[in-house]
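Here chain A shows up in two complexes: once beside chain B, once beside chain C.
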Partner chain A sequence: MAAIGAGVTLTLYHAAGAAVLAFHTLRGMLRPRRYYQLMLAQAFDMGVASIPVVVVVAALSGAVTSQQSGYQFTGTVPIWIIGSIVTASVLTELGPLLTALVLVGRVGARIGAELGTMVVTEQVDALRAVGRDPIEQLVVPRVAAGILVLPPLVAIADFVGIGAGWLGAMLTLPITSSEFIYGTRTYFHDFALWFGLIKAAVFGATITFIGCYVGLRASGGAEGVGRTTTNAVVAGTVALMFWDAVLARLLKAFG
Partner chain B sequence: MPKRKHLELWLGLMVIASTVLVLIGYFWLTGQPLGQRGYHVYLILPDGHGLARGDRVNVAGVEVGVVRSVTLEAVDRVSVRLFVEQDVQMPSDSRAILQSVGVFGDQLLVLRPGVASTFLADGDTLELGPPASALLDLVGDLGKDAEIVLAKIDRLLADSAIEGFHDILTGLRSTIGQIEQIARSNSADLKTLSSSLARTALTLEETLEGVEIDKTIADLEETAAMMAEAAGALRGSAESLSSVAAKIDRGEGTLGLLVNDSSLYVELRNTTRSIGALTTDIQMNPGRYLKMAIF
Partner chain C sequence: MIELIEVSKSFGANVILDKVSLRVEEGETLALFGPSGTGKSVTLKHIIGLIEPDEGDVIVDGVSIPNAGRSELKRVRQRVGYVFQGSALFDSMNVEENIILGMPEQRVREDKAGCHERAMECLRLVNLERQVADLYPSELSGGMQKRVAMARAIAGHQAYLLYDEPTTGLDPKNASIITNLIAHLQEELGVTGIIVTHDIENAFRVSDRVALLYEAQIHALGTVEEFLESSDPVVQSFVRPDTESVPTA
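== the complex of A and B ==
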């Protein structure tokens, strides 16, 4: 009972802390001139530098989806349905979610470690001492960069994923190019495309915000920084899954 | 600030590239090639029949456009916005017909050209034609059937066919007269033949009603029943034998093992040989095996 109470207290503590940080972050984002320069560096690192790994993951996921669905559906339903499955899967789930998961490992962990190190080495305190707001200097540029770069990355992942799905189907399944294209167009709903991009922006904000929140709460030297990095990845992944489930309901409501 | 310009350049390129990809993908997936020129017309329907954005618009079996949007304006009023390619000029009294295609009931809009001298322009509203080509096809089929029936009736009522009927009737009348004449001239022979047949039938009837025949039939029936019983027993025995033989063939049971397993035979021979040797040894050296002592 005591453990449950402690868990609830801890959850409420983190929820309140995250809410306060979110409020300050949103307020800071209203003044783009102050963080524009810092955001550019973060966005380059999160976006342009992540393109190769995002392309590889998207290509593999698209190809695997087409092959797997092909093996499952060959002989039972029209073969062109593979085009529909690949398009819907990539646009609504694989594109945004896999790209975000890649960025949790690549960006979320880095932000957690970076800010954690700054906290344990008292660099954050130093910022405060010279009159700089740590949230404006550290959190806002990262969160803004996450919101900015995730949708373009997901758009690239969608394009590559569907292309790889088409190529994979051509090479391994008894399907023609026109059949695949017919399938992609037949059950395509444009809301799926826009929804995937909206999801990407939410995921970008989530990954960076959680990385910042966990990083700013680091304590205990090098060991604490290591723990912070792990926490940033775990919490970021769980939060992504949570948003994915919640946003799926919204897709159903508006799509 | 070269560093800043470098970052802005790469980020800008990434954003532009992804925007272009999204636009290309969107227009490609919705079947609207980028830069294609055309005009939009509207169609008001009481029922959408599953018509959806992206469905094809055909003229004479050729795809010339696409359904851009389907909007439910009231419970009995659906507004459809169509895109038609620029070079397809349709008379202003053209009609649209909904057709169902494919196993999933996908809809297709077919434009049937009218006869007006003016052409549809951007924003015009089309009239809905009769449901699909089904009615026209049905009328066409009925017309073809009617033509076939009329042709057959024409052939039947032709002068040559009527003359043929006259010839057949004349021949028939002549044949009936000949049959009457034959019957009249041979009436005495026919009477004799008839009485002879009657006598033969009576004799046969008496023979069949006799006691001996009844007894013989009863005996035969009894014998047949006994044979059937014997055959049943024989069938059972044969089945049992067949089952036993099958078990032996499969190597089941002692006999099966003996028949199919050569090792048993070898062991049996060895055992026999050993018993023989033992018996000989007992006979030669009884003291080894038989001890008799009082104390």
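== the complex of A and C ==
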């Protein structure tokens, strides 16, 4: 019972801390002139540098989806359905979620380690000491950059994923290109595309915000920073799964 | 003027400061020393509001720091330069950018050329060449990093300078250079300063008064001469550590 009580207390403590940070971050985001240069630098680093790994993961996920659905459905349902399955899976789930998971490891962990190191080496205190607001200087540009870069990355992942699914199907399944495209068009709704991109923006905010939150709470030396990095990845992944479930319900409600 | 009025601070069950009162007059330099872990750095951090006291008040430039609003606290912080123990330079910024960070934000936005010139002037004041401006902290020695941190601390024409163990981790030669630099800055800029240090010899060279923080309280406060002549065994053990064992809190 005591352990459960301590767990609840800790959860409430972090929820309150995250709420306060979120409030200050949102307030800071209302003044883009103050952070747009820092945001663009972060966006370049998060976005452009992530493209290769996003492309590889998206290509593999698209190809695997078409292979797996071909294996499951050949001879049981019309073969064009593979085009629908690949498109639906990539646009609503695989594109946004796998891209976000890649960025949890690449960006969330980096932000956690970076800010954690800044805390334990007193750089964050130094910012405060010179009259600067660490949230405005460190958190706002990163969260804004996350919101900015995830949707285009997901759009690239969608394009590559569907393309790889098509190529995989062409090379290994008894399906023609026109059948695959027919399946794709049959499923395709604008809303699914937009919803995937909105989801990407939410994921972008989540990954960067959690990286910042755990980073700013780092303590201790190298061990503390290591723990912070792990926390950023674990908490980021859990939060993404949570948002994915919640947003899937919204998709059903509005789609 | 900097004044701590009966400031108390605990971390959990660990009492760090217990009704500590201290007053540093305009233009004065005070050296604060004591055993490790007695709250010297915590005392400094109270002065710029990085730590809030559990009880008591901290007055800087006529402003009560624990009760100050965001903008008032920001204004005070821009009047106070803080040299951190580990220099706390920003790894991602070069030396010039680090120094410019010590200048008011509005000036940085509106007067880039002026900020550049001021950064170069600060480099001169801390005896560093202009060429250092483009280097990153990882390319500097420990002594140079301290000097850049000092340049950042004075970049905004701060009226108060707080040094957190400025000579710790430096070899005797570099420690002496930094101490001379502190003395030079006090003379040239006429600022009010507090130096937290273990380096008693160097601290005595640059301070007008000395305070000993011991067992969470100011155990002794006086001029350098008064400290040197004190018969208090705790003071003696710090002033002449080779003749007495250093008491631990």
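As a working rule, the second predicted complex is superposed on the first by the 255 of 255 C-alpha atoms of A that agree within 3 Å, B and C clash if a C-alpha of one lies under 4 Å from a C-alpha of the other, contacts with A are read in each partner's own complex, and residues count from 1 in each chain.
Assume contacts are C-beta pairs under 8 Å (C-beta built on N, C-alpha and C of every residue); 3 or more make two chains touch, one makes a residue touch a chain.
Keep in mind the model is a prediction, meaning the values are calculated, not measured.
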| item | value |
| --- | --- |
| Which partner, chain B or chain C, touches more chain A residues | B |
| First, second, both or neither for A:L60, with chain B first and chain C second | neither |
| Chain B versus chain C as contact partner of A:A248, first or second or both or neither | neither |
| Touched partner set for A:I198, first chain B, second chain C, both or neither | neither |
| Touching partner for A:P78 - first (chain B), second (chain C), both, neither | first |
| Touching partner for A:A126 - first (chain B), second (chain C), both, neither | second |
| Partner chain in contact with A:I156 - chain B first, chain C second, else both or neither | first |
| Chain C-contacting residues of chain A that also contact chain B | none |
| Residue ranges of chain C in contact with chain A within the complex | 45, 48-50, 74-75, 77-78, 80, 82, 84-86, 88-91, 101-102, 104-105, 152, 156 |
| Complex contact set, residues of chain B against chain A | 4, 7-8, 10-11, 14-15, 17-19, 21-22, 25-26, 29-31, 53-54, 103, 106 |
| Residue ranges of chain A in contact with chain C within the complex | 118, 121-123, 125-132 |
| Partner chain B, residues of chain A touching it in the complex | 37, 40-41, 43-44, 47-48, 51, 78, 87, 148-149, 151-153, 155-156, 158-159, 162, 184-186, 188, 190, 193, 197 |
